[in-house]
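We call the chains A, B and C, going by the order they appear; numbering starts again at 1 in every chain.
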Amino acid sequence: MFHIIEILGTIAFAISGSLTAMSKKLDPFGVFIIAFVTAVGGGTLRDVMIGQTPVAWMKQLDYVYLIILGFVLALLFRKKLDRFRISLFLFDTIGLSVFTLIGLQKGLETGLHPIICVALGTMTACFGGVIRDILCNEIPVIFRREIYATICMAGGILFFLLKALKVNDELLSVIVAVFMIVFRILAVTRKWRLQPVERQ
Amino acid sequence: MFHIIEILGTIAFAISGSLTAMSKKLDPFGVFIIAFVTAVGGGTLRDVMIGQTPVAWMKQLDYVYLIILGFVLALLFRKKLDRFRISLFLFDTIGLSVFTLIGLQKGLETGLHPIICVALGTMTACFGGVIRDILCNEIPVIFRREIYATICMAGGILFFLLKALKVNDELLSVIVAVFMIVFRILAVTRKWRLQPVERQ
Amino acid sequence: MFHIIEILGTIAFAISGSLTAMSKKLDPFGVFIIAFVTAVGGGTLRDVMIGQTPVAWMKQLDYVYLIILGFVLALLFRKKLDRFRISLFLFDTIGLSVFTLIGLQKGLETGLHPIICVALGTMTACFGGVIRDILCNEIPVIFRREIYATICMAGGILFFLLKALKVNDELLSVIVAVFMIVFRILAVTRKWRLQPVERQ
């Protein structure tokens, strides 16, 4: 079950990367690289910073195949993807929650402090998109517009609250994932936004 | 003593990151991330490249708390920070010299060649700002305008000259730090600049 | 022989970085950093991701000296470099093939899957240029215009085909290098391009 939603999340991230790259009129190779980086960039940054190398996607080729699949789907259906907007949004939201949980888990296994684990969860889920935006020469969208990283951090905090209450691991993951998914759907449908910080 | 100025330096770097991010109208989360990256980005890059992982701020939470403090100060006083311009400049200059020394020291401990140690010192002090500028979609300011990295390199060379003369470690750090601070103050007050390289 | 072309490749990459940085009117320090990053950025990223730290150029100072040489040559001859355009293109092409082979080899030594090795070869040869373009605030040129990474991937695939046919290592390297060099010369002289992916 967990594995299936990780698959959906990876494909969704690869498609989202492909779409951003196409909107910048990149060539197919460029589109593929951006798809790749969007899907695995956050986890790569995390693995490099905690010293788990070679990084995950080098040892588990499933990621590579899933990204190729997402890239091909994006190429084939690029004129029709707007119709799947809601499905894509849902996959992306699922990816957000799963990747946050994976990052939290890795932090725990490495014996790091809960605050650092929350940072790792947020990094895993969000920084693929940050690198995507940098490569496309944009200020990263999560710094500007949408409640996205905030959801990851809230999910991480809930994770450690439930852990302190000794909720068992399976149930805990489900609760955190559902919480994040509902939070994101509400945030997007109700247009919750963080305001920019003004100096004047 | 050394520790206190490291604290001042970290806070100064976090404030400088916050100010840059606010000028780009980022949301509070974006401002925080930029503050974080400005303060620890250089050291993170250094640790990852020499293989000291998990990177420093994951093991020593002081950095995280200091950055939160700098971020909160920048938020609260954002309309009045211009009045503290000179204090901020001094803290930033202190940070520059301390982080250079930390980088040099880490290079030595890793058994690297003096030239590489100088590169690590410069990286530790300057590359947080480089990553800050990339995330804010600017050409890094230290490549364009100010004598900044040059001071780090000069400090690094002085460090190894004094070491060759067998000056004791404490004294050596103080001399190098004072040299860099004076150099920077002179460079800014007298508007020393490197000229761009022209091809025509 | 292999070593000599690695030297030529490193110098060529350092010159190409210097030229890009000069066209952005950076100061000499900025030009040097961009030269450095262009020459060793790809290999650094590779070493960090597979966990071979300290990264190569920290242990082998030859790289540093060669980059300084390339930087000085670019500074001295900056007004006349257009005359050496063809030599520079050839050196760059040689660098492309050598760095791809080095990346492939490192992947094999680390025991990684052929697909990942091809990715590492491409990364070694191309990502110095990607980081150069990001630091200069451009969308990386290899995502937009030229058949460049495609050649690295084709070279990597040929490498493993020949390996499967049990061609001996020396001969294999020569064949792959010659193939890549001819491919690139043909691609540039005949203006082969990948078309951007259009969504409308």
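Everything below uses one rule, namely that a contact is a pair of C-beta atoms (placed from the backbone, for glycine too) under 8 Å apart; a residue touches a chain by one contact, two chains touch by 3 or more.
Computed from a predicted structure; not experimentally measured.
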{"item": "Chain-level touch network, classified as line, ring, star, complete or other", "value": "complete"}
{"item": "Same-residue or different-residue interface between subunit A and subunit B, half as cut-off", "value": "different"}
{"item": "Centre-to-centre distance between subunit B and subunit A (centres being mean Cα positions), rounded to whole Å", "value": "30"}
{"item": "Where subunit C touches two or more other chains, by residue", "value": "48, 51, 134, 137"}
{"item": "In the complex, subunit A residues that touch subunit B", "value": "48-51, 110, 112-113, 115-116, 130, 134, 137-140, 142-145, 149-150, 193-200"}
{"item": "Touching residues on subunit A, where the partner in the complex is subunit C", "value": "21-31, 33-34, 44, 48, 51, 53-55, 58-59, 61, 64, 75, 78-79, 134-137"}
